[in-house]
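For reference, the structures are reproduced in the following blocks.
In what follows, chain A forms one complex with chain B and a second complex with chain C.
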Partner chain A sequence: MDWVYIYKALPDLMNGLGMTLLISGVAICLSLLLGVIGAALRTSGIRPLEMLVTGYVEFIRGTPYLVQIFFIFYGLPSIGLKLSIFWSGALALTIWASAFHIESFRAGLAAVGQGIRDASASLSLKRWQHAWFIVLPLALRAALPSAMNTIVATVKNSSYLQAIGLVELTFVAVDRIAYEFRTVEMFASICVIYLFCVFILSGLGHWLEHRLNRPFAGR
Partner chain B sequence: MLLLEYKTFLLEGLYQTLLLSLVVAFGGSLVAIFLSFGLTQQSKVVSRPFYLVVEVLRDIPLMVAVLLTYFVLPNIGLSLDPFWSTSLSISLWGGANGAQIIRAGLMSVPSAQRETAAAFGLRSWKGLVFVILPQAMPVILPPYVSLLTSLVQATSLGAVVGVHELLRSAQVLIEQTTISRGGSPAFVVYGFILVIYFVLCWLISRAGRVLESHFARPYARQPHATRKSDVTVIAAKPIDLTNA
Partner chain C sequence: MMMTAPYIAQSSTVEAPLSVEMIGVSKWYGHFQVLDSIDFSVRRGEKIVVCGPSGSGKSTMIRCINRLEVHQQGEIRVNGIVLTDNVRVIDQIRQDVGMVFQSFNLYPHLTILENCVLAPRWVKGVSRKEAEERAMGYLERVRIPDQAGKYPSQLSGGQQQRAAIARSLCMNPDIMLFDEPTSALDPELVREVLDTMVELARDGMTMVCVTHEMGFARQVADRVVFMDRGRIVESASPNEFFGNPKEERTRNFLSQILH
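Take a look at the complex of A and B:
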């Protein structure tokens, strides 16, 4: 293991990590938003909408993520939708992650019991008040563990985007390997960096779970 | 129609994908069984290292794992061709995820069952196979089947290191026709590949559901049996299959 080489490669790797975090951040925000909207549509009671969202979730989860990326990056331009590498990557990551978010938020919504609906009806809360102040906080809390899993997976899966040439962490490593053949050093460092990111994120998730559980913790 | 014209070429790719999926499902299950033995050991000294290995295998992005096995193994004198290096990396990843699923399933069976089996003179492996495992199956199967579909999807990563499976043959087809005819057929070809993968995964989860209902049969007549609540409690814990 050549530590000096790793030290010299660090600035490049950090740039790559920056891109990894940037694109994952964009995708995480967008997919969470889509996830909440999708889950709301899925439980809206309007049959065609429900079937549409269910079909979307099933299709995205039933097809390889790498093929989805290629479809978006190489396929969409031929029907006139030309996106940059960054935005097609972000789009692919968002579409993929949102399917998983919809599933976990739907489960979260299902965890909010019927009694709560009756309770807020008896307090004469309006529909939007019930949805915004009562259901959403409870459902988000219930969905948090699996949503956190998806968020961590989003960061990990941003590495797939090296296949379309997005200059993120894995791309930087593979690119340097192509010129300098320091495979062990490069892969060891990116593995450590990815593991570090995953531990930080899942630690954050556990903290958040603990923090949000406070109203129930006393019992 | 382009797809019909290159039917045999794409079928060749599909065949490689199926072969790779089979190898990976088999290899991954072997790794999963081995690792889950380690995870369920009583002694912490034994189980802790296994937990560490499983965590690391699950936390490294699959893309990185596939590239790593392909590029790093030759350095230690192990030159595998793309097919086998992809099989190895995906099997290890699938094995780590599968081990967690099997562990959760075995843990869901109350320990009294194990003790009773022992009291009836069923030695450890007999008790495991005839008493514990049939009860753990309803918990293990649903996530395990979705793991298998993830493995099939993961085989598409072989294209990155040059296995001639379905995705790679689609890439080659697109490159060739773009050069020879002008205008990229990427939309149609990749769309078609997506549908094929979807059908493949759908068939697997269908077959899985048949198996599930087979193992759920003993509990079907007693809706208030304790098993049902056990199943829901375990199912509430998310198992991370989101990597592929």
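Take a look at the complex of A and C:
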């Protein structure tokens, strides 16, 4: 292992990491939002909406991620929607992650039982008050572990976006390998960097889980 | 607040205005009739105990009073207001009617105090300070002021149920519905919840309690109502109900639960 080579490549790698974090961050925020909205629609009781969301989830989960990326990057311009590489990538990542978040939050919503709904009704809470003060916090807690998995996977999957030329971490490594052939050094480096990101994120997730679960810890 | 003298059921409430009126109320689940022409009324200040075998429609009946269930035939009036699909009517009635459930149904992510403060603040528009003062007042009445900052899971079942009673009282209802409030409790915790309910009765609350605690019925009830298969089979004062039940089905039921 050529440590000096890795050291010299670090500034490039850090630039790539910056892009990885930026696009992942954008996609994580947007997909969480879409996940909550999608789960709400999916359990709205309005059949066409429910079927639409279900169809969306099934489509995304049933097709290869790389195909989805190419579809957005090469397909959308041909129907007149031209996005930059960054926004194509962010869109692809968001669309993919949303499908999984919808599933998590749907399960979270199901965790709020009839008894709690009865309590809110008997206290004459309005629907939005019940949704905001009771259902949302309870559903988010219940969904947190699986949502954390999706968040971590979002960061890892941003690596696919090198295929459309987004200069993120994996792109930087592959690009250098193409003309300097330090395959082991480069792949080892980005693996360590990805692992580090995942480690931080999981730690954050566990901390949050622990904090939010305090009320349920019992005596 | 201490329990001094035992509560004596009052029969002087006969002239009081009607709090709840059910006239010919029926309800079906598909082809299955849960409620069969229920005629039932509660006067202000009255305490009614409803009992009957499992599946006889007790929960369904009292849940119709605050529209947790929708009846399909007949009329329900609460404090003179006819219960309809109108959201504002339902809202009005729910503000007048408190309910306590078998499984407590406290909000698990909120402290006991937050459980008590939420609805008064957002539904009644009470200020935070006033809502908290009111909540502490009721938590003292149910003797758990020291638990105010804890989460429901940190309390015993009996304490949780008393917290649920306090939460309900914080809305200043004038009718309280209880659906088997002690059935989910360990035997040694039943008494503390019943004591709380006896005190509430003594303070003049109008109460409809679905319960099989016959000691409580004897002590507190103005009337005991026996339901079977969606009908009210018998309705009488506790003395008559326990001493001289008219109906065969009532006698069978009593012999089962009193051993």
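Assume the second predicted complex is superposed on the first by the 218 of 219 C-alpha atoms of A that agree within 3 Å, B and C clash if a C-alpha of one lies under 4 Å from a C-alpha of the other, contacts with A are read in each partner's own complex, and residues count from 1 in each chain.
Quick note on the criterion: contacts are C-beta pairs under 8 Å (C-beta built on N, C-alpha and C of every residue); 3 or more make two chains touch, one makes a residue touch a chain.
A quick note: this is a predicted structure, and the numbers were derived from the prediction, not measured.
Engineer: Both complexes share chain A, so when I overlay them there, do chain B and chain C fit or clash?
Structural biologist: Taken together on chain A, chain C would fit alongside chain B, as the superposition shows.
Engineer: When the two structures are overlaid on chain A, which partner does A:S84 contact: first (chain B), second (chain C), both, or neither?
Structural biologist: Neither partner.
Engineer: Output check: A:K156 vs chain B and chain C. Expected answer is one of first, second, both, neither. What do you get?
Structural biologist: After superposing on A, A:K156 lies in contact with chain B but is clear of chain C.
Engineer: Residues of chain A touched: more by chain B or chain C?
Structural biologist: Looking at chain B versus chain C, the one contacting more residues of chain A is B.
Engineer: How wide is the angle at the Cα centre of chain A, looking out to the Cα centres of chain B and chain C, in steps of 10 degrees?
Structural biologist: That angle rounds to 100 degrees.
Engineer: Classify the contacts of A:S44 with the two partner chains as first (chain B alone), second (chain C alone), both, or neither.
Structural biologist: neither
Engineer: Note down the smallest distance between any C-alpha of chain B and any C-alpha of chain C in the overlay, whole angstrom.
Structural biologist: 19
Engineer: Could you list, by residue number, the parts of chain C that touch chain A in their complex?
Structural biologist: The contact residues of chain C facing chain A are 63, 66-68, 90-91, 94-95, 97-99, 101, 103, 105-111, 118-119, 122-123, 151-155, 164, 167-168, 171.
Engineer: Which part of chain B faces chain A closely enough to touch in the complex?
Structural biologist: 56, 59-64, 67-68, 71-72, 75, 149, 153-157, 159-160, 167, 170-171, 174, 183-187, 189-191, 193-194, 197-198, 201-202, 205, 237-238, 240, 242-244
Engineer: Where on chain A is chain C touching in the complex?
Structural biologist: Residues in contact with chain C: 115-116, 118-119, 121-126, 129, 133-134, 137-138, 141, 212, 214-219.
Engineer: Quick check on the complex: what are the chain A residues that touch chain B?
Structural biologist: Counting only chain A, the residues touching chain B are 59, 62-68, 70-71, 74-79, 100, 104, 145-146, 149-150, 152-153, 156-157, 159-160, 162-163, 170, 174, 177, 183-184, 187, 190-191, 194-195, 198-199.
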